[in-house]
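Each structure below appears as structure tokens.
One chain, subunit A, links the two complexes that follow: it is found with subunit B in the first and with subunit C in the second.
== the complex of A and B ==
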């Protein structure tokens, strides 16, 4: 019996070897394009729209969209690429901007440059450093993570403020308003996951700083003034009891929808979640992201956002062309993307489209898309580099010490040396 | 042709033996096949259950390992003062921000220690879930635990880690849960949950799943917690847990059950920490059905039976052949005479029968030959005795006649008579056995006539009319003499003179002799010839009467003597004999 199984097994191996051997030959000009992405409500939907739009004119291309959790995609990519194989990988994969460089720098040969398919000038500038490597454009910039400060205008009014007070404001001003609102309504200002330092990231990027130097490798923590200021502000908010802790996404959304907090500093992709609570229509507005006080910074920043990458596997030319024709050229597509998904792209020509000019009643008639599009252009370019999340884990730990009363410089220096050890 | 016909006779030995053997061969073949298939199945199921119980032990080991990891993590959560403080104490949000961070860090750390066990950790206070390591994995609404069955059950059994089946947003989970207790105050301050996606449990056994080989994890009440057939997850299949309980109680490795309308081989193992049963269901048809290639077996069976039939046919034919040949030979024996012997061949028995038959025939023949010989000898003795008794009166009378002729001075006549007498005596006193030629017999007759004419005168003339081609045929010696003698002495009592005619001729293969006289004849009622006066006869033992018997004895019923006679017109005696030139002794 064992022998038979062994034989069968060998047979299968031989068969699969044969089929894979012959398969790669045939794949050379395949019409099957596979796409990996996460989040069915946003990324998958966006890709479906692109597929539909593209197939109207290129019906021979068969695009298969496969949903995977982001962690799974990262794990699979790392596993496959580090072993030098592209077997089982898709043609197109979605990668979060914070992680993009670690892939591009580690496996540049595994990705296919899309310079011929898109024009980098058409996209928001801040997207380019993170999606390119050594002068070659690898990523097709997708959604904008342009940040804004979502505010409960009704709570602000109770404390005697309006959204105009938050135009071009800095964080000192915001904290002042938050305190006033808390006094007036008892509502805290923001909700925060103690492990998630997205707020700090937004703050430092508004001044063009990052955890790393411009080279994308060297940790820049101890002498990072923006980060220092961000830490200070973070502690100030917590000490003033303006921060409501949450531990996961559902608690985050619950805090927003329950009306527990007066402001949400976040990427534009939070809009649908906020609008999910229809009873709060008209009570929200979006202000530009606050500046860092006393430091050169702008009222614009970014949180999250991702881009499409073409892997260096058979079918890459067609995959790149598909991305270029849709995400890199099709204004109508972005109109649809806005209307049907509520998402904001980074393709600049699309911002002149009609859909961007729509007034949103939920936000008191504010043309939020147009605003976001305008802020997108202002987002300072930074090199996210390789180690965003490694450093963030260190910082999340260290910031607790700072909150406990340790000296800020000591804490940051400690973080700097930890980062230098761990992030190489 | 006849042989075949005989053999196919429904009552014939061949048919009977053949049909019975065929029936038996088929019976044995079918019975053995069924027995072997059954044994093979049994064997396979036995082997199979051993393999599968090893698999089940492996799976059980995985389950226990998972349980151990969870137990360790649960106990760590239980003993963590940070977590206890976080869950039980009220504190301002700014402090809570920090304690939440520490709790998260600790729980994340525990989660990391769980390693690749795809299990997440959620901690909850009395009211709601406060932290989950992976909300996407188990997107439970934080408040949903309040009043939930799980919460209530673990509250009743505070020191135990319990497992529950639960579904959330189309995903099936097994949730390990434990109430968290302060040891000093014995107050419950929350609970820890370990959501395990059903797929994680499934991965323990998924490698072993094949079509027809399904796994089920059922809790004590029969609720399906995990299964390779995803449609039944969450359903209640109490028969599974019942069977499993019985099996464990009676320590059976496997049992055959009817499940979902098919025959299945069921293996089960109790997972004590989970209070669940791991059940392996193997579709018997899928597992064993392919074991037996019915077509091949039928073909093989048919082939073997066919071969056996040919052999049986040939052997039976050989056996019965010799027997039916024997029977035929025996049947033919009466037709073909005693000389016929059987060819004894074939089996021992038929050989012996043939031998016995042949030796019986031999003995019979010897016996019959002896009998015939004895009879012959007896008759020859009789004839010899008869012939040697030459009537002394005849000698005396003839001698007297010759003396008279000598006295009369008729020397010539006396000499002729003397010659005739000498020749007659010479021929007759010799061996009576001998057959003599017709010519010699006629010579004897002529001598006899000469003597008689000398004694009694010439009033009776004798004429001989012999067909020349008959001269060489042989006839028993002195066969005609008694009739001439008879005519001499009886036919001419009333009639003064006459003629006796002797005719010999051939007719087909027969030799016919006729002695006709024109004397007195006989009355129709007395058809037998009278006995001659003893004094005048040449031989006193040989009479006309026993010639007929003698001929018949020698030659069979076709031959013999016939007499026609009419009073006043003479008598005609006709002898029919076979025309033969042989002179052997045994012709007599």
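== the complex of A and C ==
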């Protein structure tokens, strides 16, 4: 009998041990600030610089930076926030702009507004709608995903073109050059993952359009002229065999570094990856992002980019204060960010700094940072809304049908009705 | 679990003194229940409670924590959701092509490796079983590189002049499915083979000898003796393989990420996308999970019926 009771007792202990973890008290005033971010060469480095800069004056704050893959961060946030427990969550988290609304709207009370810590007027305008919700500013805008067209000037020259031909150009012109370059060098124009429609996103944002209406909820696909034009151009490129397919990031970078392609339309954060191939120094240049032909559109767009968010957990005031003092006020910090990371912020007072005027030998002496900074100001403001990735998966599927010969309007109308069904 | 119960009354009833028998019976029952209680409690808390919770969740919808009850709307949405239907179609394609191919291959290999005169048996068995100990993610990543446009598979095919330009193993809707099927076949054939091998060891050699004396050919022996003898094991492996295929996730996620378009996406990956890639709708994701449960039940019933056994 004794043994049985001992067994039951042990069982009870095990069970109670399982449940006792959740009942600990909330430490309201902590000096330990945890940060989650991805990409050690970019975001993590940027955060470390900010930490060093801030701790010079506020040494009592203990900032711990933890690297997680972006997908892991999304999963952990979703599982923790939906279960209602904030235990194990960091104070500050980096969220990609395309996803920000999805988090802010899905977990309304879990984020802490930073209105008191930063002034939204200081930041590039296009960042604000995605980082705010119901009139409150939740995100501290971080890096710019300002897009450019990276070009291999040596390939272009072989076909009789120069970088000047791509100033304020539209996509028709780009495709014309791409065809000529392919003729002359045998190199395809761009490389593309059929599942990743970043190129289309950049194209439509350059004319101020998005997958969704301005309300950020209603799908805007069937009557979206910019999207229609982007689809048409994409097919034109595929049909002319200008697109080299890849299926993951390393193949993408390999195509660039091996010199397989003549152009890379992408966000400025691709710069370090392009420069990784030192032997190509002097052979690259960056042209403004091409316009959509025949539609109101500018030579500027955006791809990716993210912002910092403060979670509604103990230590939030200090976390917000830290972000405000560094990313929201420190011009010197942004100079360092440019010099040491090569990154571009969206804090506008920083753009006048000296570091932005540096000439880059890799890009034939072009002042790429000041160019990018200038383009950042022109990026049309759109509301990324809730459903970027749902709709993108629908479009990635539908665009295959269009490439296989189906009628464009039918394909887009189909995508519209699918999106209305799924995105709610 | 019910051994003490059964032993108790029958054996002890014959004993003359009722008092000690009663207390002994009580004691035995207590011992039995104390074992069962703990296990059932744990199973209840960690299996059935979440299952019921998920069922309740599947009648709710909304983004993140803003869930509200919608009745059967999720289940209606399921049948109108072309992505879900595509993922079911893909999964069924994997199932009806991959599972039979793998099981036949595993049967064939196990019979070959069961041959008494074969040398290096241990080596071959280990070699074929080895894929099963590799991590799902690790082997998926390796396959992704093998089948890349400039990967070793394409290079080899081109060098021996079988194809003139690289096959788009990962970005063409048809070939991407082939790649996934090849990958899971490589990973799981050895696993099933081991079951057949161990079953074959239990088949009496004299049956084969008798068959040989009667003049049965090797093929006849295979179909008339080996297959019937292995029938319960074949049923078992085909059911576990079916369940495994219906839950397929790691390979597709890592090799093609469901692409191109939705051409290789599985049901499990769709659940992942609904919860983590898109604006999270855990309610609808739970509904899709229950769809898998129902599919597994249906397929298992079909297989039991097809095998035609009382088991």
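Basically, the second predicted complex is superposed on the first by the 398 of 424 C-alpha atoms of A that agree within 3 Å, B and C clash if a C-alpha of one lies under 4 Å from a C-alpha of the other, contacts with A are read in each partner's own complex, and residues count from 1 in each chain.
As a convention for this text, a residue touches a chain if its C-beta (ideal position, glycine included) is under 8 Å from a C-beta of that chain, and two chains touch if they have at least 3 such contacts.
For clarity, every value in this text was computed on a predicted model and none was experimentally measured.
> Once subunit A from each complex is brought into register, does subunit C clash with subunit B or fit beside it?
Result for subunit B and subunit C: clash.
> Which partner chains sit in contact with A:194 here, subunit B, subunit C, both or neither? Use first/second/both/neither.
So A:194 meets both subunit B and subunit C here.
> Go through the superposed model and pick first if A:107 touches only subunit B, second if only subunit C, both, or neither.
So A:107 only meets subunit C here.
> Thinking of the overlay built on chain A, is A:243 touched by subunit B (first), by subunit C (second), by both, or by neither?
first
> With the two structures laid over each other on chain A, which partner does A:84 touch: subunit B (first), subunit C (second), both, or neither?
Only subunit C is touched by A:84; subunit B is not.
> By the touch definition at the top of the document, which applies to A:69: first (subunit B), second (subunit C), both, or neither?
First partner only.
> With both structures fitted on chain A, tell me whether subunit B or subunit C touches more of subunit A's residues.
C
> Which holds for A:331: it touches subunit B only (first), subunit C only (second), both, or neither?
neither
> Is A:421 touching the first partner subunit B, the second partner subunit C, both, or neither of them?
Second partner only.
> Taking the superposition on A as described, I'd like to know which of subunit B and subunit C A:397 touches: first, second, both or neither.
Once the two structures are laid over each other on A, A:397 reaches both partners.
> So in the superposed three-chain picture, is A:251 touching just subunit B, just subunit C, both, or none of them (first/second/both/neither)?
Both subunit B and subunit C are touched by A:251.
> Of the stretches 78-86, 258-266, 492-500 or 546-554, which one in subunit B hits subunit C?
So the stretch of subunit B that bumps into subunit C is 78-86.
> Find the residues of subunit A that appear in the contact set with subunit B and again in the contact set with subunit C.
194-195, 245, 247-248, 251, 396-397, 400
> Residues of subunit A touching subunit B in their complex?
69, 188, 192, 194-195, 238-241, 243-245, 247-251, 254, 396-397, 400, 403-404
> Taking the complex as given, what residues does subunit A use to touch subunit C?
1, 4, 7-8, 11, 15, 71, 74-75, 78, 81-82, 84, 102-103, 105-108, 193-195, 245-248, 251, 386-387, 389-390, 393-394, 396-400, 418, 421-423
> Write out the stretch or stretches of subunit B touching subunit A in their complex.
On the subunit B side, the touching residues are 92-94, 96-98, 100-102, 104-105, 108, 130-132, 135-136, 139, 141-142.
> Spell out the residues on subunit C that touch subunit A in their complex, using ranges where they run on.
27, 30-31, 34, 37-38, 41, 45, 63-66, 77, 80-83, 86, 144, 148-149, 168, 170-171, 173, 256-263, 273, 275-280, 282
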